[in-house]
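Per-chain residue numbering starts at 1, and chain names A, B, C and D are given in the order in which the chains are listed.
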Amino acid sequence: MKYSFRNDYSSIALDEILLKLNECKNEQNIGYGEDLHTKRAVKMINDKIKGNSDIYFIAGGTITNMIAIGSILKPYEAVIACDTGHINVHETGAIEGLGHKVLYGKNIDGKLTIDSIKTILNNHTDYHMVKPKLIYISNATELGSVYSLNELKEIYNYAHKHDLYLYLDGARLASALDASDIKYEDYRKYTDIFYIGGTKNGCPFGEALVINNDKLKIEFQYYIKHFGGMLAKGFVPAICFEVLMGNDNYINVGRLENEMAKYLIAELKKINIKFYSKSVTNQVFPILPNNILDRLYDDYDFEYWVKGDEESVIRFVTSFTTRKEHIDGLVLKIKELLSID
Amino acid sequence: MKYSFRNDYSSIALDEILLKLNECKNEQNIGYGEDLHTKRAVKMINDKIKGNSDIYFIAGGTITNMIAIGSILKPYEAVIACDTGHINVHETGAIEGLGHKVLYGKNIDGKLTIDSIKTILNNHTDYHMVKPKLIYISNATELGSVYSLNELKEIYNYAHKHDLYLYLDGARLASALDASDIKYEDYRKYTDIFYIGGTKNGCPFGEALVINNDKLKIEFQYYIKHFGGMLAKGFVPAICFEVLMGNDNYINVGRLENEMAKYLIAELKKINIKFYSKSVTNQVFPILPNNILDRLYDDYDFEYWVKGDEESVIRFVTSFTTRKEHIDGLVLKIKELLSID
Amino acid sequence: MKYSFRNDYSSIALDEILLKLNECKNEQNIGYGEDLHTKRAVKMINDKIKGNSDIYFIAGGTITNMIAIGSILKPYEAVIACDTGHINVHETGAIEGLGHKVLYGKNIDGKLTIDSIKTILNNHTDYHMVKPKLIYISNATELGSVYSLNELKEIYNYAHKHDLYLYLDGARLASALDASDIKYEDYRKYTDIFYIGGTKNGCPFGEALVINNDKLKIEFQYYIKHFGGMLAKGFVPAICFEVLMGNDNYINVGRLENEMAKYLIAELKKINIKFYSKSVTNQVFPILPNNILDRLYDDYDFEYWVKGDEESVIRFVTSFTTRKEHIDGLVLKIKELLSID
Amino acid sequence: MKYSFRNDYSSIALDEILLKLNECKNEQNIGYGEDLHTKRAVKMINDKIKGNSDIYFIAGGTITNMIAIGSILKPYEAVIACDTGHINVHETGAIEGLGHKVLYGKNIDGKLTIDSIKTILNNHTDYHMVKPKLIYISNATELGSVYSLNELKEIYNYAHKHDLYLYLDGARLASALDASDIKYEDYRKYTDIFYIGGTKNGCPFGEALVINNDKLKIEFQYYIKHFGGMLAKGFVPAICFEVLMGNDNYINVGRLENEMAKYLIAELKKINIKFYSKSVTNQVFPILPNNILDRLYDDYDFEYWVKGDEESVIRFVTSFTTRKEHIDGLVLKIKELLSID
């Protein structure tokens, strides 16, 4: 069985989560997130973010984005993202499916810039065009980079100055919490709404959508149900989040993944491999010659990012299961294929 | 802790499912349902239904209904249901959210009748009105009754004669498989598309959407992703369905629930309790005097169905955790409150 | 050429409107309703309704209903109508196309009742169901009846007591203004939004959507454009409405139509024809034996409403072109076919 | 009253159209486009394009685009346009409102290129992304340029080779018919669906949507009604199109407009004015110093296109009312303001 660096959602769950699910197996809980596990998990998150936010557990990332964005925008309003944003590229038009245009600017190192936002606002000033009302960013980004606290504050302040909301997609928030200087409570202070990703950080499924802005809290369960995201057994992801929010479990998932990624980058740099982006989290984008990739794929699973004629960008993702020996094996194999010794 | 007859999704999962998840915990699987567990679970279902259907695992019932119905209907087409149908009442307008009208006729004992369908077709004959194109039924129904094989055939044949598709919601298919003479393979033969419910039959989450009609199979993953139902860890519900489809595990869940429900009905009939519907599955709708309900609620959890001035319809649901002693305790309590001995 | 009683939109326009269009033919006007004719027509309507409402001119009835309803409701909210309501039956699911459920109650004489509304509210009380937020009625109704001022007030007060909006479809408002005791200004006082129909009252096209409630006025042009209802030459329907709002032109159209309808009803009653509804406006629904209808159709155009085995309900509509001699001819023909002399 | 070069929809209609409407004023016609005028106008268009296409008359450009695109695409499918495409910029997200993403590439001189289409196709290859299914172009373009017959054929052939449909927006088709070598029948041969613009070519309102591809013709009236575009008095735009399609009336509108635009360009070039685009039709985009624009606006109406710090791009549009003396006056004024003599 070859080891997979294809993504961070290859394995069912953290051991602690499976253990906890077993412990709770004889319980009966009320449905639809009205149970005690949900209450506890919500409290644990609010403790971490030092807030009093409304929090809901939803099955996956795309449906969470749909609910968040679909609950905020009026029919003629649009969301601003960067070109590489998940909602712009990898959700099969789910946001447009709700009726909203995704306006995008060119990313710089995976990130949306104030300049892009400004240009978009300047170009959308009357009723013949959509009205931008929401900014979408993700931390970590699709290219493995992270926003710094200053960058987040700047975007948040710009948004509020221009009567826009800010939504942050935290599919890989664990990695971002480790790699960036943005702390839990900053996500509460400097976004209107964000989500803490579970699926890519050790849960079998489930994301925690956190609504900080009171205006966005109204009748929220209606949105969840209407858009198809209400889970009957809401207590299952809640139990998972009780584990993730216990101690430093969540950030530790990110820390481990980031360390493994850093180690991988360092080892590849030693043999002069170049990279597509300056990743500081668990997604690594080396550029490798095409002639070794098929053979590398015999032993390791990974994804193609940009196929070129001579060489290609591929993606390695570290996960909570990745250990130093997996990296060592991978690097050894690459060396071997490149005939380096 | 009081025992809950509120619903059949109060407990995490069957022991066998939790065990199997633990067994697989060290595996790495490809995402989005392209893994081996999904292949195996799909094969197991196809063996049961003696077919070669396309099968996808989706998080919950409402989103499954959305994907099924939203993939079939053109913008101006409508789905026919009975008034009590889940899509008509309890999905917060999710189907309308996709742009489609739900046309409904009055249920007879929880079921849609050919007469209703006929009337709806007769009333929708030109382009000023929506075009009915799909029939929606569920087995078991919302009132605990089931369609017989003859009834299913009749609806299916009527549908195909009138160029309509038939979709069957199997949120509680385990109970229906036990209580009705419709066998697994009949659901393949006599529906165009149906789903085998997991959430209400022992899974932590997950439903298996089964597409029998080749015309409806095209580019289906696009629909799943577009509507927000694509699970990154598709292998998790697939593992659950491997368990459910092993031996007679699935139908046994239904059998146990139905037996418990039958026993409850029999015991309540002994003390002359009347019922709102002729349930043969795991939902029981007794009519009880309001003056005992608050006190009953102190010891047992249940749901109000129709509140009346003197007496009310309440709902007891048996689940895979229900045992004879739970029923005995419940009946004893009711007797006590009614001062019967 | 046989005379048509098929509907009230068979002829291009009132002579006065065609004259006025000719008078203005050498003008240049700004587009999208920002012109002087629009300003004047808006003022003339506001003078009639003694208000300060926001008013927009839109091409036709269905798109006007879509814009009105689509601008008010959040994704999970629903509109209440009666079963025969135009939005419920004759708009090919346009409202559902915007994502909203149409909840309906049985009409009494073409009208929605408080009882129906009450029942619908009682049945929609939590987030598993759509949230009713808007009441839709039309005056005149689809069956030719009208709401009285008391009825309108009662519905409006009930709506506001229960945090619902009231929208009134005035496709045939001219007839209603003549037949009911509701005056122009009452439509301003006792609805949140309504429209003054042009197409069915002598315009080549165009309806005037009148927004009374300040909360519903915000960024309204965005809605019009987004839903496809923004006319480049907005000044064309505005010019038409300048004519309609001049003197008593608009109500006079309704008065003439109603008089012709009343005369027709009286003449048909003399020969013992029965009617399907108690119409007081320009739609008349006689019940006639099937064996004369084909021959009647040779000389007069009309529409079938309800086809029966022996006799059928048909619809005669009087319009601004209908004169006494048309009615006399029609009645004579019916008598002849029924062999009455 | 200052003369307006703001757009080509400032005046009600061609004299011939107003005359014809007057001639027909005593007629009664069936509604919804089932009348004889519609039949005649459809035949006249089919004669011009030497085809047997299905043709419908719809109120305006945006709703026509919505109906065309919304009738073709499945929920997860997308339309390809260039960045300046009307549907991408100036329809307030109406296409996204129907659920579809607009994918766009950078325009070259206002036109979509095969290279852009190719890149978009290469980047959208699996179910995590929308599926491109339709190409949208307009002739004339938003910048006044036109596609040549070779360019149209190339795009059409490329589209069909890659299983895409081609839709052409002909809001300003009259100008394009004059300025490009694409003849009426080529629009039938080399598009799947296109529209012949009325509103911007002398009609009070109305566009003729022409469906060439049989696959797209099915149940089309349902789409028109569902999306809100069905006109009760469909015969009114049909009468207008009877006039436009008579003799060379339609192309003559374009010819006159183009001649006036050419004359304007020539005169401005004489005084060394630069232009933003190489327009060959009735939209002209001169670059003028900001310090004269306010004073120019005192005498002439026009639109700002791109505001700069020193100079700005403005738009002059010639219309069926534009005469040589209007151009002469405008140029004289500009000279005067620039102190040229």
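Just a few scattered comments:
Simple rule for what comes next: a contact is a pair of C-beta atoms (placed from the backbone, for glycine too) under 8 Å apart; a residue touches a chain by one contact, two chains touch by 3 or more.
Bear in mind the structure is a predicted one, so any value in this text is a computation, not a measurement.
Between A-B and B-D, more C-beta contact pairs are found at A-B.
Comparing mean CA positions across the assembly, the chain most remote from subunit C is A. Between subunit B and subunit C, the centres computed from C-alpha atoms are 42 Å apart. Centroids built from CA atoms put subunit B at 33 Å from subunit A.
Centre to centre, using the average C-alpha position, subunit B and subunit D are separated by 51 Å.
Within subunit A, residues 75-76, 91-93, 97-99, 127-128, 130, 222, 225-227 each touch two or more of the remaining chains.
Looking at the complex, you find that subunit B touches subunit D at residues 32, 70-71, 74-76, 98-99, 127-128, 130-131, 219, 221-227. Listed in rising order, the residues of subunit A touching subunit D in the complex are 75-76, 78, 89-93, 96-102, 127-130.
Of all the residues in subunit A, the ones that touch subunit B in their complex are 1, 3-4, 6-7, 9-13, 15, 18, 21-22, 24-31, 59-63, 66, 91-94, 97, 199-200, 204-205, 222, 225-233, 235-236, 239, 301, 321.
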